[in-house]
Every structure is written in C-alpha cells, then in structure tokens.
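Several structures are given next for inspection.
Paired with chain B in one complex and with chain C in the other, chain A is shared by the two complexes that follow.
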Partner chain A sequence: MPYTAEISRSNPTSIIFLVDQSTSMSDPIGGEVPQQKADVVADAINRLLTELSVKCAKEEGVRDYFHVAVVGYGATVGSAFAGSLAGRDLVPLSEVADNPARVDERSKKVPDGAGGLVETVVNFPLWMDPIAHGGTPMNRALQYAESLVAGWTERYPAGFPPIVINLTDGESTDGDPTAAAEAITSHATADGAALLFNLHVSAAGGTPTAFPDSADGLPDSYARTLFAMSSPLPSHMRSYAASQGQRVSEATRGFVYNADITTVVQFLDIGTRATELR
Partner chain B sequence: MYVTHLVAPKHGSTEAECEDAVAVLPGRPHDYMLREPLTAGVCDGATESALAKDWARLLSRAAAEYAMELPDVLAGGTAFEEFASSAVAQWEPWLVQYTQARHAEGRPLKWYEHTKLAEGAYATLLTVRVDPDSDSRADTTEPAWRWRAAALGDSCLFHLHDNRLVQAFPVAAVEEFGTTPDLFGSRNHDVALLARRTRFTEGRCRPGDRLLLMTDALAAWLLSAPDQDDAVSQLLEFAGPDDLDGFTNWLNGLRDCRQLRNDDVALVRIDFEGR
Partner chain C sequence: MGSATGPQPQFPSGADYAEALQHTQLCFRHPELKGARPELTKLGLPRAISGAFASVFSLTSTSSGRRYAIKCFTRHVPDQERRYEAISSRLARLNPAELSQPWNLGFEYLPDAISVGRDRYPVLKMEWVEAITLSSWLEDNHTDRFAVDRLADRFEALTRDLAAHEIAHGDLQHGNLLVASDDTLRLVDYDGMYVPALAGMGGTERGHRNYQSPLRGNDDFGAALDRFSAWVIFLSLKAIASDPALWNRLHEPSGEFLLLTEDDFKNPGSSTRLQTLLAHPDRTVSGLADQVRSLVFQPLDVLPPLASAVPEQRTAATTTSTVSARGTTAAPGAGGLPGWMIGHVPPPVTPTPTTPSVTSPDGFHTRTPLDVTAAALWPLMLAATVLLVVVGLSMPPIGPGVPVFAAAALTAFARSRREELRQSRAVLAKLTNELAQLDDPVKAAEKLRKDRAKFDAAEAKRAAAYPRAQDKLTAQYHAELKEAEKRKVRKQRDMDKKIDGLSEELRRALAKALTDKQSAYVRDQLGRRLIAQDPPHGIGPKLAARLAAAGIRTAADFTGYRSVRNTHYNSTGAVLVLSSGRGIDVHGIGEAKAIALDAWRKHLVASAEARQPTALSVSERQSIEQGIAHRRAQLTAQRKAVESETDVLRVKARKRLEDGQERLARENTLAGDRARQQRQEFSRRTVALQQNSALHGTLSASVEAARLRQRGLSFARYLRFLYIGR
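This part shows the complex of A and B:
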C-alpha cells in the first residue's frame, strides 16, 4: 500500500515549502480583517515550522524525521530562510528548530482550567519575514523544488516520498504551472509519488475552503488551476482529516483556499499521537 | 506462579529511548515461585509526546504499587479515580526536578520543549493484579488464581489455556489498533473521564494457563498471525531476562519481513503451574 513507509530518523522524508514573494503579495487578502497576503504566507510558514518542530521535539532535541527547505520566489528563486540558515536548501529539522532567525513573544489566550480564558505569553519563533517584490516565477520555483525532490528520491528510494507545499496567490507570471507541477509528482519512491499541496491566498473572496474534493465553488481560474495541480490526499491523511471532522472523499486534495494550512502538519504520521482523551 | 518481562526498543532507537515501560511487583527473579499476589503495570509512551518514557515509567510503577496496596482500583469507579489523581499528582514535582536538573547541567529547556511539555506526556496503561484464589472449591486440590485487569488504550492482556488463546483484552481484533489510542495524560485532572475510558475485566487461571501482557505492536502481530498456535509457541521461547538478545533478534526478523510494525515492545509473561 502506498504512503505507508515509516517516517523515522533512519528513514526521514523531506518537506519543501515554496513561498510566493512577488509584488502582488502586498495586496490584501479577502476577509473581515484585511491582511497582506505576504504576511499571511510568512505567518503560515513560521507556524508550520513551529508545529513541525514541536511535533518532533523530544527531550534530547528535535528528531530529524524531516528535512525542510523554504524556497522563496519573486525577484529571485532561492532559500527564504533568514538568520543563520540563510542560503540553505534542505536542512535537518533539528537545525531548523535550533536556529530561528529570532524568537518573538506573543500573547495568546489559553484555557484557565475553570471554563474561561487567560492571556499568557508564548514563544513565537520566526524563520522568515514577509517579502513582496518582483514577478511570480512559479514555474521556476516548481522546477527548483523538482530538483530537490529528484535528489531526495534518489537518496531515499524506499522512504515516504517528499512533500512540496506551495503558498501563493496563484498569479504565475512565467506561464501555466501545470506541467512543472506534474514534473514534481512524476518523481516517486517505492512508497509513492511525491506529493504537491497548495495554499491559495486570494483577494477574490468566496468561502475559505480546506481540503475540498472538487473545484466547484472555487472563485477563479487561479484557484481551479492550483486545485488541479494538488495531489489527492493519501488514505491515512484522509482518515486523519475525517477524524478531525473534515468532510473527505477519495477525491479530496491537498488544497487550501484562504484558510489555515498548518493542520497539514498533523496529517503526518510519526508514531502514536499525543492526544488528550475526549 | 512465575513472572518475567522483556522490554526491547524499536529498531533504530537506543535502550534509553525506549518508551514502553513495565513494572512488576513483587520484584523477584523469574525463577522464583510466587505464592503471594502479583501486580503489573504496562505502559506505552506516545511517540509524539516529550518525556513519554519517563511518564511511562512513573505511571507503570504507580499502577503496580497502587494495585498492590488497594486491589479495588481494579474494580473501577472512585478507587480508580483516586489512583488516577495520585498518579497525575506525581508528574509536576518530577517535572520541576527534571527542569532544574537540565538547568544545572547547562542544558536549559529549549523553546520547543516549553511548548511541548505544556501539553503533557501521554501513555497507555494496562494494570493487572493476580491473587491466589481463596474461592476455589475445597473439594479440589487444584490451585487457582483470580486475575483482574484495567486497560486504558491498546496495551493488551492475553489469557492462554494449554497455550491456546482464550481471551484477548481490551483489543480483540487487529483492525482495532490505530495511531490514536486512548492515552493517560500526565496533566489530565479529569479523573472521572480517565476512569470512564478505562476498561475493566477479570478471569480465573488454572495450572497450565498463562497471562501475556504486551504493547500494541506485538499484540497486533499475535492477533494477525495466520497460525496463532505457532505464533504463541514462538513467543514462549523467551522465558527470562537472559533471553533478551534472542528476543530482540527475533523481533528484528519479524520487522524485516514486515510482519511486525517497527515499534517498542514490552512483554510480561505470567505462568501458572501446579499440575
């Protein structure tokens, strides 16, 4: 059965984030609280890396179940890590966790144990800052990811295949990205084809959507193109999404429109989940 | 009654990283014939939580000790809730000590550990108590034992008679295993919920019977074995702590041919003799 390979330190997998940093990302996203698309995407990356680090954290440090790249595309295409990881591609997760560019403190409301909420200060590590400059060379970015995927599948031919997560407003300026997306998912390990998921941040409005099984109701051609490029969710990810109350079918794809994509981290199986009784 | 236990880490992990834990009381060698009550706690720490191995060790020991002192814990209800409270109460002081020790070693907790430890540590818990049966009929000379068990999550008890499986608890079929078993959280103060989700059962053993307690990967292998009699006989090859290397090699063989999921393994074997 595909997508059942163990993800472990001896059989790690890779996650390649592609981050749209084009000028159009300075536009506001639709919704009640207007936010720049670039802020939404940088925030999503920082929270994804935080969740991934915490998920793999053990008392001796963060375990290298994953190697992570953050690739920006705008005026240039290349590593979007800030701080000491600047310029690097695939980095073992332990190094990512130990080297955020900075750690901010943010206030957060948490349950007080008596039915109310209390404000507390939490650490908020940051690996990249919002950037909005240049065109949207999505084809070049996907080709960059493809070269990383190709290298990884050669190195770990039996492992869980690489996952590419593209965060964008979809407005590619170097042509239709469909073929470059297919080139990524044409690489495979013995466990299955590489996965490509997309987060579409858009000013077009419409209903925020996470992991839909059809393009019906998506507001524009950019969203429909990104939906079509996205891989169907493997069976265990669908099961997890369903257990969290999402409506899923065999056609459910790794596509999110103007909604939270950080839940995707929870789709990754590294062993027994740590969940409170309900 | 004889008891022995074996604990082996998953392939690729060190012994110190093993998150399955076993506590058996009284602490006697495997070749010592027990005539008194026996208790055991088996825990499988959740991979995704930090300090899961420490919580598994603390919780399995707390369960074995509590069941030895207060057998009614295995009847559920208030007694189990009181045990759950006492176990959870041991976690924070342990964590304070751990945090101080890390600081003293010059390795203070990192940002991700603060976040992770706020979530607590998680483990399954199987608690078992076996008593020489005082209810056995006076007209029989055959000894008997009464066993009681409490299970939260998917660590399993198997009752064998003449080396054939007569009862599996709390999981009866391999399809019931998953990656989201019920877990005992080190910060879960909702003890009524912990008691409600824990399943309780009991049975009787006669000479020639055995109880096998084990964590999920090995239990899933046993339940899915095409020839269960053969699986049981393979398992019974390992009868004492000196067999740990052989046990580990055997587990690795099963992992290599994908019959056994690569996970930590804990096994407690209780043999009833007297015939």
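This part shows the complex of A and C:
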C-alpha cells in the first residue's frame, strides 16, 4: 500500500510550499472580512509552520520529522523565508522552529469567562512576509520544486514521498505548467509518487470547489488544468478530510478552486497531515 | 489513525492550545491553573510535548507554587472521562507501601477546563515529574552495567506491581517509562491503561509499534496487554547490563526503540538484531532472546507474565542485587538458573585430572653379590698394579693400567646390572615420551589465538556482509517498486490525456456529422434542379442538350467555371468545372454563359443552404455519443488495468524480496550454526589447553626430577654405594 510509510527522524519527509507572489495577490480574497490574498496565504503558512513545530515537539525539542521549503514565485523564483533562513530551501523543522524572521504581537479577542470578549495580545511567529509583485512564473516554480523533490527521493528512497503544495491565484505566465507538474509527480519513493496539491485562491468569492473527484463542474480550462495537475489524496488524508466534514471519494484530488480564507487554512491542514509520526 | 469516515467532534490543535495558554488568566477557571505560568520556548510560546492525541504543557501554579503537566487533547477519544475516572480511582487505591517503587503519578481529569476560541475543552492535570525518558537515561548510563541491571530488576518489579492489581498500561515503551534521579521508574501516559473496571470496553490505541506483538489488534484490551512489551524491555535492559556495547551496536541514534524493532518481531528469522542477541555468549541474554522469539507467534492471552522469568519473590530490597549475582540467582533445583532456562544451558564439564603415577628410585639400595665382587676386586687390582710397577715387570701385552681397567670394567658392568638404573631409565624415557606427546602449551595457545582471530575476522566480515546483502535486496525492491510506480503514473497519465481528449473528439465528431448532413442536403437539392427544366438566363434547350451531353444535367453536376484564353480567336472563353474538378469545354458556352450558369448555381446553393437542417437528429447524435462513450469505457478499463498490472509488479517485487530475504536468512542461520559450533570447538580447545598446560607443567617437573634422580645413579655414586652401602 503506497503512502503508508512511517515518518520518523531517520525517515523524514519534506513539504515544499510554492507561493504565488504575483501582483494580483494584492487583490482581496473572498470571505467575510476582505483581506489581501497575499496576507491570507502568508498568515496561513506562518500558522502552519507553528502548528507543525508544536506537533513535532517532544521532550528534547522539535524533532525533524519534516524538512520544509517555502518557495515564492513572482518577480523572481526562490526561497521565501525571511530572516536568518533567507535563501534556504529545504530546512529541517527544528531549525525552522527556532528561527522565525520575527515574533509579532497580534491582538485577538477572546472570551473573558463572563460572557463577554476581551482583547488580548498573542505572540505570532513569522517566517515569511506577504509579497505581491511581478508575473506568475509557475513553470519555473514547479521546476524548482522538482529539483528539490528529485534530490529528496534520492536521499530517502524508502520514506513517505515529498508533498508539494502550490498556492496560486492566477494563470501561469510562463507557459502550460502541466509538463512541469508531471515531472514532479514522476519522482517516487518506494512508498509512492511525490504528491502535488494545488490551491487556487479566489478573488471573485463564490462557492469554493474543494477536493473534487472529477473535472466536471469546473468553470474553465484553467481550473481543469490545475485539477489534472493535482495528485489524488492518499487514504489517510482522505479519512482526515472526511472527519473534517469534506465529501471525498477514492478519486478525490488535492485541489481547491476559489478557496476562501477558511478553506486555505483547512486545505493546508489536510494536505500536510502526516501518517504516524514516530 | 483517523480511520473514522464521518465528522467527529473537533478539537483545537496543539498550536491553538499554545496560543490560548499565553493567557492562563483567561483560559482557565480552575483556581490552581488560573494565571499559572507556562514554561516557554525561546520564542516566548508555551512549550509543548506532543503525541498523537494530545499536547502536554508544563504550568506552574502561581497560587500553590506547584508544577503540573497539563494534557490538552487534540483528538476525540470515546468514553474519555469514564476511562480516566476509572483509572484514577484504581490508582488512588494502591498502597504505596506495597509498591516496588513510587511509579504511579496522580492526575485529575477536568472537564470543560480550558477555553479555546468559543468553546471549552477538558484537560488532564498531572503531577509534574522530574525524570528523564528511559531512552535518554540509557543514552547516558548504558555503560553502567550495575545501574542498568538494577533498572531491569526494578522494571520487572514494576510489571509485577501492575500484574498484582490486574492493571495494564497498554503502551510500555522508552517514552512512557521515566527514570527519576534515584534511578527508580515512573510510569506516565495512562490514556490506554486497562483497569478491571474497564473490562468489556475496547482499547483506545495499539501501543508503540516497536514494542508490540505482531498479533496485537485494535480490540485487545485486558490485564495481559503489557506482557509482550514487558519481555522486550526486560530483554533489552538485561542484554545492555550484560554487554553495554550492544546499545551502540543495536540501537540507532534517535531510533524509536531500545534494541529490537517491529521488523524483528514480524520477521524474527531474518532479524540480525534478534540473531545477535540469540547468539550472545551470555546465557541470560540468549535465553531471554529465545523467549521473545517464541512469544512473537503466540496469541496475546497465552503469553506468560514477565514474572515467570524471575520466579523467586523479590522485594524492593532485592533490587540492589549485583550484576554477577543476578545471572545466577535462581529457583531451587534449576541448576542455578531460572526455571525457563533449563534446557538452554548445558551441564558443567568436570575436568579429569591426569597426573603421572610412576617415580624413579632415589639412589642405590641393597648390594648384590656382583656388587660385593666388584667392591672386593678394586683393592686387589690396585695392589696388583702397585706390585707390577715396583717389580718392574713389564710385559708388552699387560701394561700397568690393565688391572685398574679390569676393575673399572667389572664395576661398570655391575652398575649396569643394577635394577635402580634400569628403572630410572625406564621412567625417564616414559616421561620424556609423554611430554613429547603433549603440544607445547605456549605454541598451542598461540595457534588457538591465531585461529580465533582469523575466525572472528571472518565472522565480523560475515556479520557486516549480511545487512549489506539485506540492504541490497531492499534497495533492489525499492527500486522495483519505484519503477512500477513510475510506470503506472506514466501510463495512467497517458490514459487520462486520452480520456480528457474524448470530449473534444465528441464535439468534433458531432460538428462533422452536422456538416456532412448539411452538404448532403445541399447536394441533393442541387441534383433536383435540371438545367433543361429550369434553364438559367441565356441557356436555351439546345445549349441545355449540349450540356447534358457533356454530363451536366443538374446544378449538382458542376461546381463553377474557369476562364480560358482562346488562342484561336484571341478572346476569352470558359470551361465548366465538373464536381470531379475536371474542366470541360462545352461548345457554345462562352464566358458570359458560364457566368450565368454559375450565378444560377450559386443562387440555388444559397437557397438550399437557407433551408438545410441545423441540427442532428436524436438518433444520429446518440449513435455518435455511444461511440465515444464506448471509447471512454475502454480507456477507463485500461486505466484500471494499469492499477492491477502495477499490483502484480508490486507483488512480484515483494515476492522476490521475500524469497531473497528467506534465502539470506537461511544462509545466515546455517552460518550462525556453523559459527556456534566453531565457537564451541574453540572453547573445548581452550579447556584442553588449560588442562594440557597443567599436565605439561607437571610432566616437565617430573622429567626434571627423574633426571635429577638419574644423576644420583652415576658411576661415582655407585662406587660410593659399593663401600658405604647407600
């Protein structure tokens, strides 16, 4: 059975985020409170990195079950880490956990216990900043990810295969991304082919199409291209998605079209869900 | 494991809790926890220790000053509150004086204790324990054989405590067994604990995979739950106590196990780790390893409790017994070994002493008549010599020395007839012979050492080659899987492309069918318009007849005209273009007539096109769609088939791997048997060498003594004996 390898320190896996940083990412995203798409995506990734760090924290500290890369594509293609990790691609999670670019204080309303709300300040570590400038060189971004995936599968041929998560809001400006996407998923470990998930962030609002199992009902050929590029969800992610209230089938793919804020967070949560961590 | 398929009650994530715990004044209502100080990471966030079900945070109460471990749940566990209550009340009833060590920790389940977002969730409030995990402790202390052995015994005592109260922890492993500063054990994480009050319920977890029987299932839940893991842990601790080098040899840095892993239990035959322990010279280690090997295939409910390995009643005091004492403490009548070990240990060999029994005589005793004669002869012969010299009698054949010579000859003869001399010579010869029979112990020891070194080197080579050969097999297997996976992805992608292309194909086929239908209609309409019946302007019956003769009867018979230059009259003429594309010159049809004909035709075409059908009939459409649907079904079936082909490839690769592993394991077992025999042979040689060496010493001393005594039988001593009698 593919996608069942145990993730351990001696057999870690890698998660590669590809973040669209094109100019259009400064448009507002669909949702209750309008926010820039770039902000929402950066927040979601920063939050996810905190989440992964907590999930992998043990007595002695954060364990390197994962190595994480955050690759931005817009005016340039390359590491989107800010601060001391700037310029790095795959970074062991313990190093990620210890080296955010900075820790912001964010205000947050929480229940005061007496039926009201009270404003508090919480610490929020940040690893990447929102950027929205340039075109959408998705091909180059996918090729960058492919080189990371190729190196990884050589290094850990028996482990859980790398997961590539592409977050974008527009069409590729450097050609059809299909071949570059296929190149990523043609790499495989003994546990299965590398996974590529695509998240399309909406500017238009409307109902998100989350985890579809066929291209029917997708509005245009671009959405169908992204659907075709996306890997089917492995079974443990399917069950997790189902437990989160998603409708899934055997053919469900790791793809969301027209995602709103909630869906972005949920998608990242499902797409990075690990098999057993030991 | 997330096997549920429907929505479950949602719990906050570890990071959600870490965020809420930044304000304990707000998130807690419990008086001790409200405002408690969380331990922070260097980023200033509450530090978590996370597991599959929960994250644990350390909080120090500002009101009581006490430190707690607060477990926050990230996943729904059925009957959680009921379980914790049953466990808590059972543990609270344990009498600390009856426990081998204070291993149990107090805890309290607090429903609705913490507020995260808009909702409240339960937490488990536990005593904070200053202790380190068993794996970290071993990392630091594995060379301290005494301490490790003592810990093994304490672990055994702990399992005895649990068994006595029919409690099972459910997940005994290096992370849940902590070692306090006084080297006693603490047991943490009671989520999966069984207490008798929970009888009849199911388990909540299956335990750490590197500690569980391959036969443990989801539903196993009962007092015997810990037995397999207890044997595994006890074996590991005893083995490290006996041979600390095993820690570095079998344990991998940051490996989530002690000495053995899940694979060793699933495939004990091909497990190098288990083989190493089975072949260990220490009988306690090999015996325990053999026990674990035999438990692997037994159903959980028939596994013996660990206490059966150490049958004598122990108290807390016995946990201070020493390494050397432990290996041999035993049940009476078991030959100094635990009961289960009988049959694993051969009876001790009793050496057979060999000592030389014959001795040589110490000097001459009791004169014989010959001795007396020789003694009497000497004075006579001396007197005769003196006489001869004085008289001056000198005969050529008889010199003055002759009588002395005769006496000496007779004496020598008499000595040679003495029994003592014969005996002494015989003894010396026998001893020398025996000594010669023995190998020189120094040389033999040297040879043994060399043989052993050679053997050890060969064994080390073999031991190193085995995992390499296994790795090679595994690598080959992985490569084959990877290849199969790639092939599948490639093929399916091709199929997908074809399937995706079908909609476009359908669209085109429908469009083409419509176009065909329309042009057929137009052609038909044109074919109905006879030139003769409905002549265009300027075409009379004559011309119509000529045209008919040329094969042009209806508007369908030609498609237009081409202007031609008549060289003859230097004027412009025309040829009509037939539907075949051929031009035909019809007498009387000049350019003007051709234009008229063409205009007539074009008009007809336009009016036909205006009336042509604009859609396909339902049946035409269906027939095309069915064709495409058939193709789609075929392609989908082919795509499915790729999956099963891949499965076949996977199964084949797996089979090759297993066959290879089996062959390797078989070879390894044989080689292991041979090695064991060879080692036994070495041991036999060592014992023989020790005995030999003692015998050699004794014999050498005897030879020396015999030589000394033989010197006591010299000619001079014989002469003395002749007159003195000793």
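Keep this in mind: the second predicted complex is superposed on the first by the 230 of 278 C-alpha atoms of A that agree within 3 Å, B and C clash if a C-alpha of one lies under 4 Å from a C-alpha of the other, contacts with A are read in each partner's own complex, and residues count from 1 in each chain.
Keep in mind that, in the parts below, a residue touches a chain if its C-beta (ideal position, glycine included) is under 8 Å from a C-beta of that chain, and two chains touch if they have at least 3 such contacts.
Remember, predicted model here, so these are calculated numbers, not experimental data.
Judged by the touch definition given at the top, the superposed model places A:9 against both chain B and chain C.
Annotation for chain A, partner touching more residues between chain B and chain C: C. Of the two partner chains, chain C is the only one touched by A:186; chain B is not.
Of the two partner chains, chain B and chain C are each touched by A:98. Of the two partner chains, neither chain B nor chain C is touched by A:251. Using the contact criterion defined above for the overlaid structures, shared-chain residue A:86 touches neither chain B nor chain C, since it reaches no partner.
Within the superposed three-chain model, A:122 lies in touch with chain B and with chain C [touch as defined at top].
Of the two partner chains, chain C is the only one that A:158 touches; chain B does not reach it. Shared-chain residue A:271: touches chain B; no touch with chain C.
Overlaid on A, the two complexes show chain B and chain C touching the same residues of chain A, namely 6, 8-10, 50, 53-55, 57-59, 97-98, 100, 103, 113, 122-123, 125, 243, 269, 273, 276-277. Against chain A, in their complex, chain C makes its touches with residues 1-8, 10, 13-15, 18-20, 22-23, 26-27, 29, 41-45, 47-50, 52, 55, 115, 117-118, 132-133, 136, 175, 208-210, 252, 254-256, 474-475, 477-479, 481-482, 485-486, 489-490, 493, 496, 500. For chain A in complex with chain B, the touching residues are 6, 8-10, 50, 53-55, 57-59, 61-62, 97-98, 100, 103, 113, 122-123, 125, 243, 269-277.
Residues of chain A touching chain C in their complex: 2, 6, 8-10, 47, 50-51, 53-60, 63, 97-98, 100, 103, 108, 110-113, 118, 120, 122-123, 125, 153, 157-158, 182, 185-186, 188-190, 192-193, 215, 224, 228, 236, 239-240, 242-245, 269, 273, 276-278.
If you check the complex, the residues on chain B that touch chain A are 12, 44, 46-52, 54, 110-116, 119-122, 179-183, 185, 188-190, 193-194, 197, 262-263.
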